[in-house]
Amino acid sequence: MSHVYKKIELVGSSREGVDDAIKRAINKASETMKNLDWFEVSEIRGWIKDGEPQHTQVTIQVGFRIED
Amino acid sequence: MSHVYKKIELVGSSREGVDDAIKRAINKASETMKNLDWFEVSEIRGWIKDGEPQHTQVTIQVGFRIED
Amino acid sequence: MSHVYKKIELVGSSREGVDDAIKRAINKASETMKNLDWFEVSEIRGWIKDGEPQHTQVTIQVGFRIED
Amino acid sequence: MSHVYKKIELVGSSREGVDDAIKRAINKASETMKNLDWFEVSEIRGWIKDGEPQHTQVTIQVGFRIED
Amino acid sequence: MSHVYKKIELVGSSREGVDDAIKRAINKASETMKNLDWFEVSEIRGWIKDGEPQHTQVTIQVGFRIED
Amino acid sequence: MSHVYKKIELVGSSREGVDDAIKRAINKASETMKNLDWFEVSEIRGWIKDGEPQHTQVTIQVGFRIED
Amino acid sequence: MSHVYKKIELVGSSREGVDDAIKRAINKASETMKNLDWFEVSEIRGWIKDGEPQHTQVTIQVGFRIED
Amino acid sequence: MSHVYKKIELVGSSREGVDDAIKRAINKASETMKNLDWFEVSEIRGWIKDGEPQHTQVTIQVGFRIED
Amino acid sequence: MSHVYKKIELVGSSREGVDDAIKRAINKASETMKNLDWFEVSEIRGWIKDGEPQHTQVTIQVGFRIED
Amino acid sequence: MSHVYKKIELVGSSREGVDDAIKRAINKASETMKNLDWFEVSEIRGWIKDGEPQHTQVTIQVGFRIED
Amino acid sequence: MSHVYKKIELVGSSREGVDDAIKRAINKASETMKNLDWFEVSEIRGWIKDGEPQHTQVTIQVGFRIED
Amino acid sequence: MSHVYKKIELVGSSREGVDDAIKRAINKASETMKNLDWFEVSEIRGWIKDGEPQHTQVTIQVGFRIED
């Protein structure tokens, strides 16, 4: 069948780095949404404090199937 | 008057091709949303099976007027 | 703490220009949403009538914190 | 020989879809211009009415040889 | 009906800023062209003199309908 | 399992339009390659003759799984 | 003569809007640098507070001539 | 004063290379246009024959002042 | 000497994250190719299952020297 | 208050991966600069040796407040 | 007829400059491939030694017709 | 070892063309900086006078190693 998908844009934040920031954004989205299917990274940035990266922020598009 | 619009991102899928995938995404969105006004294509891709394009997937932004 | 943010895309419209179009989009969004945090301009365009710019339309992404 | 070409930007519009919108833009241009040589698609968008795509608008650059 | 549009690229210049530079480019174009319909901003830059922005230059694409 | 994929770039050409050009590129690739999995459109252009689009050329990336 | 220029990237911030943010960045740069020649806007974003844009932040490249 | 400029897109072609292709496009444009002011390169491509680059094609935008 | 390099595009996939996906793509390529020299990341995406990122997919260009 | 920020571009390099390369660039910059505030990743690439990624190189823009 | 083309990506390197780097990449490719048809430049970079550009590296896509 | 690099942006200018403009920017930078390592071209533009390209301006990023 030919499904229709919706994409939303989230920004995950982590003290550990890129992979964990992606995971946190997806975990949060899955609390209230079903059928999450894929993600695409569009931006990596972060905040610096005392000469160290404090929060890595990764912007992702999350695609999910719209139910029929 | 000066309206405000919102844009959402959808991915339509079709066995027939680009035009039909756009149509399916818009048809689906119109089931639950009003005031759909315009669309913008941002990506065309698809899946291949047995040496044939199976599903053409077209990502579109759909703009609609936020009611006052 | 490591928050998760969502970004939505809005198009503000104004007869006065770019700054006012941004303000109108944000004002409208704040009527129904909390925790609006930042915006990013992605497109500036507009309509022309009788040789004058009539409506400046500014597309912005608005980021807001998803509550825990 | 080493020709010089000029490129102009057109937007074709069609109720049928992408291919027809391209064709209409080229047909129109050929009424008043000679030596049309190639086209490049730069944007696909359109208007929605009653939950259906009404007009597909395809922006193309059309290249033509400047005569010596 | 399905119109065909042409887009031309203009650079407006103003001592006052972005909105006025857009307006000046459109005003100038409308002296010799009809059916101007929309504009899209593609670049904002300018010249500096004595530590002040002197001329803001805004590049816009102006779309107009080709008459039948 | 975690596969590795390779992407190649092809240009399909068709007198009929975008969908057929995609199909022709994929058909040709499948003559000599296995495991073709997905495609992504990166460019649509074409040649003009006698005021008509003659050949629509669609550039696609085709991804296929590298066998273990 | 054929000069060499250097470009630096600044972010100006203003409560008033885009034009003032550009001006503030250039004013600041001119306190310590000479020969500022042109600027190019690469990003417009800002912070939101209580449903209003608080600070418009404009990223600009500033070009200046390296003295011989 | 605050001038308005127009930009047109040309493709120069040369057997010698990039610089000569730029020069040829500008020379050709100057035969019929006045006030040519600056150019911007947007694409470099070319044709191959017998394992050698035959024609280097450079696409440039040429800006010129619209007279008052 | 002035070498010529070729670039191929690979997609590595990993349950662990970005760094491991890059490593897997390069390991796989090195099984059949010599002189691999550098890589460039062009896309990071992945699949989601049960609210967790399952496979991180990293698209890389791999450059290698063509032997004389 | 409305601060002015400067952005510089650094390339961090690491044998461990993306997160560590970001950290190394920021650590190095903080040895000689104050008020480092945020970073933005613009490129991820690296060198390959013996079929393994040797150095991951991450290009980042680092923003810092210019003191009044 | 409607041909199918393949595009490969090469990096030519030269001590003389851009044109020669393009030529070297095409010459090398033609040693082992037939039907080379066109090229597109996607990146120009290079190495510096003792304050002089040593090697100009030009990345090109080379298109060639797949034989029937 | 894992070095950290800084990138600065320069615009070289030449009456002769692209290669010479790159060389002039690098020569100038090397008068006051050490460890210049590589360059990347990001823009080619120029000024026109009397129907001839007068100055070709090439914008390059120059990377250099930060000393330990």
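Worth a mention:
Each chain carries a letter (A, B, C, D, E, F, G, H, I, J, K and L) given by its place in the written order, and its residues are counted from 1.
The criterion applied here is as follows: a residue touches a chain if its C-beta (ideal position, glycine included) is under 8 Å from a C-beta of that chain, and two chains touch if they have at least 3 such contacts.
Please read all numbers here as calculations on a predicted model, not as lab measurements.
Listing every chain that touches chain B and chain G alike gives C. Traced through touching neighbours, the fewest hops from chain D to chain J number 3. More contacting C-beta pairs link the chains of C-E than the other of the two pairs G-J and C-E. Rounded to whole angstrom units, the spacing between the C-alpha centres of chain A and chain K is 38.
Averaging C-alpha coordinates per chain places the centre of chain A 22 Å away from that of chain C.
Annotation for chain J: residues 8-9, 18, 29 touch two or more other chains. In summary, the structure contains touching chain pairs A-B, A-C, A-I, A-J, B-C, B-D, B-F, C-E, C-G, D-E, D-F, D-H, E-G, E-H, F-I, F-K, G-J, G-L, H-K, H-L, I-J, I-K, J-L, K-L. Residues 2-9, 61, 63, 66 of chain H are the ones that touch chain E when the two sit in their complex.
Within the complex, the chain G residues that touch chain J are 8-15, 21, 24-25, 28-29, 55, 59. Taken in their complex, chain I has these residues touching chain A: 16-18, 43-48, 50-53, 56. For chain C in complex with chain G, the residues that touch the partner chain are 18-19, 22-23, 26-27, 29-31, 36-41, 62.
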